[in-house]
Amino acid sequence: MGSRDTRRIMGPEKSIPYSLLQTQEKSSFLGEDSSRRDARSAVDPRKYFMSLGVISQAKGSSYLEVGNTKVCCGVYGPMDVQRGSDFNMSCKVLCEVKMAPFSCLVRRSPQPDKQQKEMSRQLKDALETVIILDKFPKSQIDVYVTVIEDDGGLLAACITAAGLALCHANIDVYDLVIGATVLWHNGILYADPTHYEEEYEGREIRSSGSEGGQLTVGMMPKYANGQVTLLVQGGQVSADNLCEGLEVVVEICQRIYNLSRKTLVEYVEQSLEENEDNAS
Amino acid sequence: MTSLETWKTFEPESYYKSFLEKNKRPDGRGLMKVRPITIKIGTVTTAEGSSTVRVGHTTVMCGIKAEIATPALRNPDEGFIVPNVELYPCSSPKIKMGPPGEKAMGTSQFLKNVLHSSGVLDLKDLCIVPNKLAWCLYCDVACINYDGNLYDAALTAIMAALQNVRLPVVSYDAENDKTSVASERTLPLMIKLMDPTAEDESQGSGEVVVVLLENGSLCTTHKPGGQLILPNILDDFVKLAKKRVKVVNNLIDRVLTERMDTS
Amino acid sequence: MTMKLPSNPHYVDLNHPQQQQHVLRYNPRALEINSETKMSQEVAGVEVLKVVLPGDEVLQYNPDRNKERIFIGPGLRWEDNVIRATRPGLLKKTLKRLYYVDSHQKRYIPQKREFVIGTVLKKKGDNYIIDIGASEQATISYLSFENASKKTKKEMKVGDLIFGQLLVANKDMEPELVCIDTYDRAVGMGPLPEGGLLFNVSLHVARLIVNPKNSFLLTISKMFKYTIVVGFNGRIWVKAKKQGEMVAIMNCILMLEVMTLEEANENALRVLSSFSQHNSKEATC
Amino acid sequence: MSKHACELNFLSRSDGSALYSIGNTVALASVNGPGEVKKFNRLYNRAYLEVSYSPSTGQSMIGERALESVITRTVEQVILVHLHPRTAVNVTIQEMQSDGLELSTSVNAACLSLLDAGVQMKSTFAAVTCCLTPSSTILIEPTAAEMKESVAVATFVLDGQALNVLSAHQEGCLNAENFNACLKACQTAAKDVFNFYRQALEKKYHTCNEIS
């Protein structure tokens, strides 16, 4: 587990996850009756649950559940830049995605690894185009995302959670940013894949030239009738499949967008009522 | 900034003193009253055992991942239990990115002491085949919202998660040294019903943590410096903790029984 | 357990407050102005009461109840009508009812009006930055030297030694050094000439040898001619004709750190006499 | 009560140092008094206290860091930190030989080195470790072997004046009465430690300064 980590309690030198010892029975992408494992049709996304104000001391915070993927995001409002960094007119966005050790089937070491760094960088790119940066010169916004459980569509969930938390922190944004993921598996497009499907697709051998891949999009549905802020695509997909996939993703983002707008509006109404009754 | 906050930032002492005179706390609680606790079990499907505990605003999630390891030479028939606390920067402005700070390390060490001295889990039960195979339980406590009282929340979370752990059956045949692990997780852990509860009181500069077992015996006290206190104050803490032990334990049992009949 | 040292009149052990009294003698006029530290007589019978640890209760003092006034010197703290010690050391009481704790320290904490030896670190604008061994560096303006003026600036290189008095020294401000007294006279202060030897001792040894009643330096002066400057920050500068003599003097003074004054006296004589025979032998052959 | 031994002013380069041992646990503590402080931990109204503890064998792991934080918070409560703002006091403790009593030896060594350095303090403090054997007798300052079979181990740091509890650390399970009994035993034992401090300091102040 890397160098001896002196700041955490150490277990035995070598310990292997028991899943390696389990007999790997032949697993298929689809369930028995050729529908998806969790009995969803190819296009409809998983169940979404959103809530705001989870962290009391954060300027803005949100908690998002996409099926089993659970993500919590805290935004710490425009604060002055650390000493020593030079002056710039636009605001600096600092993103950090942290995955809890128990968030995947195989325990991840709590020390930061490549995937988390890469995801932080991608989230930073997505958010830098969303926040109106020159509204906060000489300042810095910290966005911390904690992944409690990863069951597929992680980057999309992080983007949606960050978008909600930014709005809750009432930081000026062009529009509420939403993330969505689609997956191709031998020609068929599946929306909102689970971790199992992603894993299965990732292990697929590409030599036979069969179509397959995954597309994650972060977009702002309403601003200037739809702007894509981030597009990450892996695997081999033909051009027209990609365009068709993009339409499906835009349509999914639209539906999530309505849901998150509803949550935000409800939250505002609820806090208004609270102000009234403790004001009266 | 409302006038209250300006007062708080400029003269913190007088702000807190005004509350202490009426022996209240800024969030309206009496000095001795404890924050409401809510416990949920099995909240993370990827972990063998998991729990979410909210003590007032402090929200803590504990996930237990089991792995197989060879037992240490010194005690060949014992498994491992490795508690660790991760204080994520998202939980409070005071916590910075980077390796665990003093607070996180102190709490991890505290949890290790409690688990070791309370004898809640006998490490021998974790052993599958002496000096060959043993379970190693990584109990990671992730703090989502840090608002003080981390000791109590973390300990309750681990206790609840330990009782929610389900391990697969492991069979090992000696000749061809092959271990096979059943696919579903069935086997619960043998928890000796003495789950400890921490009662910690932090008044401004000092904090006292008293951990009590169900039969009222004291399993860990931890007072790292801070305010000088008279010995009899320690007894008040012990009485206070006794009251709370019952409250928290039947809360965990209730949640466990609900879990039993649903699953 | 009060342990009384034989307080024979001629013995005066020096400590901060005493030292200030000792300093004031140089410029009598300054005496009247400075009414804050009560002048205690020349031969003050300083009564050593006992060894105290921090937190020991020295005495109860309630301003409205007991009438006579007492003074609290360094190392003591008055808190809700009880005087407690804050430093380990010998509790001492002068005749003017001034209580203080004389403790052995190596770390110098700047006190007002104390003489210190500093080394020049760098020149900053019209100030020199001087290291006096305290937690912050002292500053001295180029004007605070004898007959210094806008035009005739005192040139000091990095590493020069300077002997000055602390004009400003408290916990909230950076210490400031001056090399002139209230009449703009140097009175022995100022940059130290080349060729001396600087060494460090703990603070109580420095205070010990400066005490006028202490004949230790006189016994050394019987053997060699030397000039010596003692700073209260534990730095001592010695200059004699030959390098060997300077080292001998240094060793004699360093003996004080570990043994009592009488032992140091005898050993010093022994060391110096063997040193001088060695010189005379070398001179003859 | 196992034998205490101490040597003050053991190191020449540090402002205050003490080599202290209880039984065969030996700790060397050295203090560098209110000195220069690094820029980022400069506090405008008080001294910055830094304690670094290194064990006798191996690298300092999380256990040693927890010990460091306990000692820091204990010493911070006793030193008059407001007298020296914008300075740093660092206490370095090196465990020379450990036989179970790491915490109490290093706390006492730290106190002695602070006394040697003459840092201004509210009061002295002393740590006493006791353990409860299965036959519920209380052993003061046990060796590592005795601690292994004992049911519970408790360490109390008490202040010099009213023997109040400054810090407490207890492991192993015991009921409330035993806990109080342990506390009482430690308080009586602490008196001897304070006398030991007094003798050490008196020895130091009588030899050097005897001027007649």
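Order of writing sets the chain letters: A, B, C and D. Residues in each chain are counted from 1.
Basically, contacts are C-beta pairs under 8 Å (C-beta built on N, C-alpha and C of every residue); 3 or more make two chains touch, one makes a residue touch a chain.
Just so it is clear, the structure is predicted and the values come from calculations on it, not from any experiment.
Among the remaining chains, A is positioned farthest from subunit C, on the basis of C-alpha centroids. When the C-beta pairs in contact are tallied for A-D and for A-B, the bigger tally goes to A-B. Taking the mean of each chain's C-alpha atoms as its centre, the chain lying closest to the overall protein C-alpha centroid is D. A straight line joining the Cα centres of subunit A and subunit D is 50 Å long. If you average the CA atoms of subunit B and of subunit C, the two centres end up 57 Å from each other.
Centre-to-centre spacing of subunit A and subunit C amounts to 69 Å, using the average Cα coordinate of each chain. Subunit A and subunit B have CA centres that are 28 Å apart.
In subunit D, the residues that reach two or more other chains under the touch definition are 62, 65, 159.
Residues of subunit A in contact with at least two other chains: 7-10. Across the assembly, subunit B contributes 105, 108-109 as residues in contact with two or more other chains. In terms of inter-chain touching, the protein chains here follow a pattern that is not a line, ring, star or complete graph.
Here, these are the chain pairs in contact: A-B, A-D, B-D, C-D.
Against subunit B, the residues of subunit A that register as touching in their complex are 7-12, 14-19, 21-23, 25, 54-58, 61, 68, 70, 72-74, 76, 96, 98, 100-105, 107, 110, 142, 144-146, 148-151. Residues 62-63, 65-66, 69-70, 72-77, 152, 154, 157, 159, 162, 164-176, 179-180, 183, 187 of subunit D are the ones touching subunit B in the complex. Contact residues on subunit A toward subunit D in their complex (touch as defined above): 4, 6-10. Considering their complex, residues 5-6, 8, 11, 13, 51, 53-57, 75, 77, 84, 86-90, 102-107, 109, 135-136, 171-172, 204, 208, 214, 256-262 of subunit C touch subunit D.
Residues of subunit D that touch subunit C in their complex: 15-16, 32-37, 80, 83-88, 115, 117-124, 159-161, 194, 197-198, 201-202, 204-212.
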